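Dumping the structure here so I can ask a few things about it.
In order of appearance the chains are A, B, C, D and E, and numbering begins at 1 in each one.
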């Protein structure tokens, strides 16, 4: 049984169709990355999974239990096993609480008052390599990297089975970005965590994800193991994304595939293949609507795939 | 708890560092001190009449003269501060508490409730205060409690709206989403996470609102709708002073000066508080 | 018409007038110059307590409207300005009481109504009076006509007023006051039987030129008026309810005549700004503290009497009335028949006696409420009462009410003590009418219930012998006071100030008779 | 010397704060030559923003220029009058700011704003608008005439940044300062902007001072690179020198850390542990010392000078000093 | 934009409806009977009953309310108990006096306040800023009726520069009569608006787009007056919109002290005399005034701020 099974998830805000049928699964201990430009619906996917965003249609099962639209009474016990990390490291910490209160918040919410919260706070801080004297500080007194660790500590407090991480490296300097990824990798291995990571930084994906899905306008356009996608991207959009990643080497002039224009408005979804208008490889056939096709572990939504 | 005390300490130090804030702090301190210790400070019983020495001008015996009943104006001014605070503090904090609660419910609750509460706020706001006050006073009769009620009722929408706006902003902030993702109950989210972030702004608003309330009480008293006699209130002093303005101008001074001073004090304090509390400004420092 | 009761110094006035004429010449459209006096523009500016909203005498609500009505309509007789109550002829050339129930009159032949409604006839008199007693008119002024029956028209300008029984106030209230105004029958009928905010036809020395509600009423000289011409071309009446504001307006040179507050009397005695003068008149108002005899806390007559003796009127007069008013002896003002030379309970408090009465009453720990209007005079009075009653151990809580709520106290059975003030017309009949048993629940707030009082009220109105009548009313007031329900405080006073250029014509109670105003030369 | 456009010469800038002076920039020295793209690399707190505002003299009131000069075409801008500065701004020196969402006035149309910045031009309004439309077209905004009538919020972030570039280039400045112009954008848009910027640079021949923390972008775009750390220049030189032969441990570690640098999937990524020192309370010696795995005793006591290692390559590290002196 | 305007209008109507209904019920709950007040001590029971019936006061409250709304739909606010005049006439006769007072007060206080605030913000932490701050705070500290009182004594009675009472006739005279009351009401607004503009300006001046404008060498004057002030003014527009409603309360004091005609005075008088038709009429109009002015402020905001236009 998959840990998380998302099937045909749909979300609309009024006329704006943000998610138009997203499906993927995450196995226990697996790291799954969702990649795409801003507005592709990545964040909505994980918020919908966690019940923080509406999902009008589709199914989300967590350990076999349907949780789409489930009331909080059903969700609350599950939240022990499913933790979230948010994009803004400082902004996702309640500003008036001390770090100690913040990282022990999950125990309080889950009613585990019998725990020695001070000891737990100490344990968690040590786990994320923060000195225990941070316990009495407030979020605004932390740097981005430190706050991010607090977020990790809090997410891991209840030893969840799944972490939903929204841009875990956003706002971090490269010099500390690695620390966080190392920490996550390390914890994942030690605790057997599964993760869903959202990012637009492909370099990050390569180092943490087992599998990845590429999103465009609220749909997956390609999915596969990280190795496969990086080495053999079939969808033109994936190819463009991969090439649009300048390398820190003045001599490494990539064969860049220029992507035309910007993503279209969700209010005016193009007909046929929705990527057609920006696609450098578009063909006549692309006026038809592509279907999701799976070849082994490689899923693709393209009528003119690259080889 | 200890942490929050030190935060309060920081705020006070911050205010005291600002010259205007310090001035505000001193004026408010004096007013509060006089109000608390009015009983020991006043040279005369503020309600004791002495018809023989009525309407006397300022003198060494009566610093601010006496009124038409021979009562010592200075003593009444001091004691009036007590009344002003008795009206202002419960009214402002009551309005703040109710406005905060309603505003947070409006901001966090379902849309229909938000609409309903906003309609309620707008309706109250749309009554001219004086008309509302008149109707209420006519309904239940004037008294300290009525004034407190009127002032409270008319200021609830202000606090409610601000609390609502803040709640709406916070509602979609990541730390609230984070709490929701952990399964925090609505009560916990509102009480533990939103409240401390909203209350600062409202407290500043409240500090700035106190003089408005004092002036409103004075206005109501001026219209003869204020506290019951013989309670010494600044508004009552002004009312008596107004009807005797050319005979006993010291009554107008006695009633008007503390109002203006209190306004200055609380406004300075409020402005300074805002600078210290407002996180946006704090970052710039 | 000779008026000699102003205290003005003519010489000084003249001097000032000359001085200001120079200033007046520089009056700019924006008026940045001296505003102390407008130029002598023939405009008399007077202040009224309120707005004259209704031009129908049948629906006049009192003296404010009467002031205008008296100027634009005529009556058979008018009050005489001066110190003594009395009347003079107006529309009548002759009026005579032929017997206790019949009054004959003859009209002048030179009075005409405006808007083409022709000459005033006896039919108009008949119509004007009879419509007030007609139930269909809903006139609140019906009681003023007492037992009036009808008018017999005996000629074009002659007729007889017929009463059902003798009615003394016919001369002091019915004819020279609100109900005496003569309107044009043709005009009122043409207007559907009711006059609204605008007069339908006028006949007086003035015509109502315009009315800006809450701002002013303007009267202009009636060109077709054939009687004694009024001195002023134009009269502007400003509705200002607050005396303080009126005083300020006067001092700013924007009013010629106004009643002033008692608190200002002392100052104006020392001199009225801009060379004006102060006229001090008595007043018909009466102020008292009432006790609701039916209230469980006040049913004990000894307690009420203790309270009567514990209220110190001199202190009240000193503090609330600035020593400018005299103690009241009852509800009937000095100068009117029935005025008592002294009250049974002396004005000054007698705390020993009060304490003794309280002890006799057996009441202890008495706490009472005292309702009063939200004007400084009353709240001051109430606070003194509060303080003096405290001396005999009675605790009083003062309830200050705005006028709407206060005047609704009639059906308030929970009323305990109340500080009250009623207005009066110059006849005692008017005063006693509110304290009859019938008025309980309406205007008899004390719920004073004396059959004897009621009987006096009924019979005294028909008594034509002035001495007898006076005696009856004095007895009535004794009854009130003996009941312990009343503590009479004052009849107030009417201080009026007027500018140097005006010779005011005031009733004995200080109210203006605009048509008789003169100009100082 | 003639092709030197901008010279930053031993510039030191402090902020006066309640906690004492915050030494935001210390002894900054580097040049920008005509038509050259110079990249400034640095992480948060390195003093990039202070540097830019110092060049434009748009500094906060508590800024104190302690030492040094900023010479533009030989004129010391720190001594120029406010009037002279205003004449330079938007004419000879233009700037593109980081956040495209807030860089334009929200209540004025793009056309109005583009009109306003041509305030020095004597052209007619129509000509100015035509010019504006032409510039919008040049940065790749379709249907420019119509879009001039629109307000900033009607454009996407990428579009707004293009508009910002169009505005900056409108007066054909000699120097364009680009302050992290792509940081807020998606990678796909980032490359579009970078490419557009390269094209425009070739067309307008302006020098660009390009500030970024994204090493990939710097490597791709710039001719020379200045590496800043905690308010000081630690290394500067030709882009290839910096990326292929970094001479300061910070530069070296920074390049190592960049995930784009690591082609193979690795379990452990390189990092630079520790934090930027408190600029209000600077320790003596080398500022990078605490985070440097090659620190020596000397590093704790003496501030390493910015030595020229070879033509156009400078670095401030005692390691090189040993090399130089020995 | 149209949609926004319609929705705003709908909301305004709803507020109006609720406010008027609440006031209707509230004033009826208050003790006091217009018939008794009108008839005074002379009232006979028959007369009272007749008049009560004539005024429709014998009907159940809900029915009276329905009748009120029924008449309202036909544009009829009823008839004044006392003068027999149409309430519509009475209210609309008083309205211009109050409107001119409120407009005059807002006009002078907003212009001076904005100027002071903008100037202070453009020169932060200078002596001028401090003086402006001190002035504006002191202005706030003065309750309208105290100012009115003192202004009356000093400028009308003592110096006799301005008329003391009334509203005047003809343009110049009316303007002349407006000076003191408008001064009294507006004074505290000067300070309030100045502080608001200053704070708002300082915030806007710190925004990135102002830095952009400066970086393009746009003259400081234009940066302050056009780039910053136009945005900084937005909250002021809202405050003025809401303030128009509050000003009605201050207007009451000015109208009493200066014996001016006006809606505020009408309201007080009609409430104290329990003149229900006029109370309802004035509540309706003054609430409408408030609702319209806030709605207007929103619309002006939408006009000034293109973001607000498309946000709805």
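Keep in mind that, in the parts below, a contact is a pair of C-beta atoms (placed from the backbone, for glycine too) under 8 Å apart; a residue touches a chain by one contact, two chains touch by 3 or more.
A quick note: this is a predicted structure, and the numbers were derived from the prediction, not measured.
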Worksheet item: In the touch network of chains, how many steps separate chain A from chain D on the shortest route?
Response: 1
Worksheet item: What is the minimum number of touch steps required to go from chain C to chain E?
Response: 1
Worksheet item: With respect to inter-chain C-beta contacts, which pair, A-B or D-E, contains the greater number?
Response: D-E
Discussion item. So, comparing C-alpha centroids, which chain is the farthest one from chain A?
Written reply: C
Worksheet item: Can you give the whole-Å distance between the Cα centres of chain A and chain E?
Response: 53
Worksheet, complete the sentence: Taking each chain's mean CA coordinate, chain A and chain C are separated, in whole Å, by 87
Worksheet item: How many angstrom lie between the CA centroids of chain B and chain E, rounded to a whole number?
Response: 22
Item to complete: Hunt down the residues of chain C that sit against at least two other chains at once, touch-wise.
Response: 402, 404-405
Practice prompt. Indicate the residues of chain E shared as contacts by at least two other chains.
Written response: 30-32, 153, 256, 271-272
Worksheet item: In the complex formed with chain A, which residues of chain D make contact?
Response: 43-44, 156-159, 186-192, 194-195, 213-220, 239-240, 243-244, 253-255, 257-262, 265-273, 275
Worksheet item: Touching chain A in the complex: which residues of chain B?
Response: 3, 173-175, 177-185, 188, 192-193, 196-197, 279
Discussion item. List the residues on chain C that touch chain E in their complex, please.
Written reply: 29-32, 34-36, 53-54, 59, 61-62, 135, 138, 140-144, 194, 196-197, 212-216, 238-240, 242, 245-246, 248-249, 251-255, 402-405, 407-408, 410, 412, 422, 433-434, 442-443
Item to complete: Name, in rising order, each residue of chain E that touches chain D in their complex.
Response: 124-125, 207-220, 222, 226-227, 230-231, 304-307, 310
Worksheet, complete the sentence: In their shared complex, chain D is touched by residues of chain A numbered 37-38, 143-145, 173-179, 181-182, 185, 200-204, 206-207, 226-227, 240-241, 243-253, 256, 258-259, 262
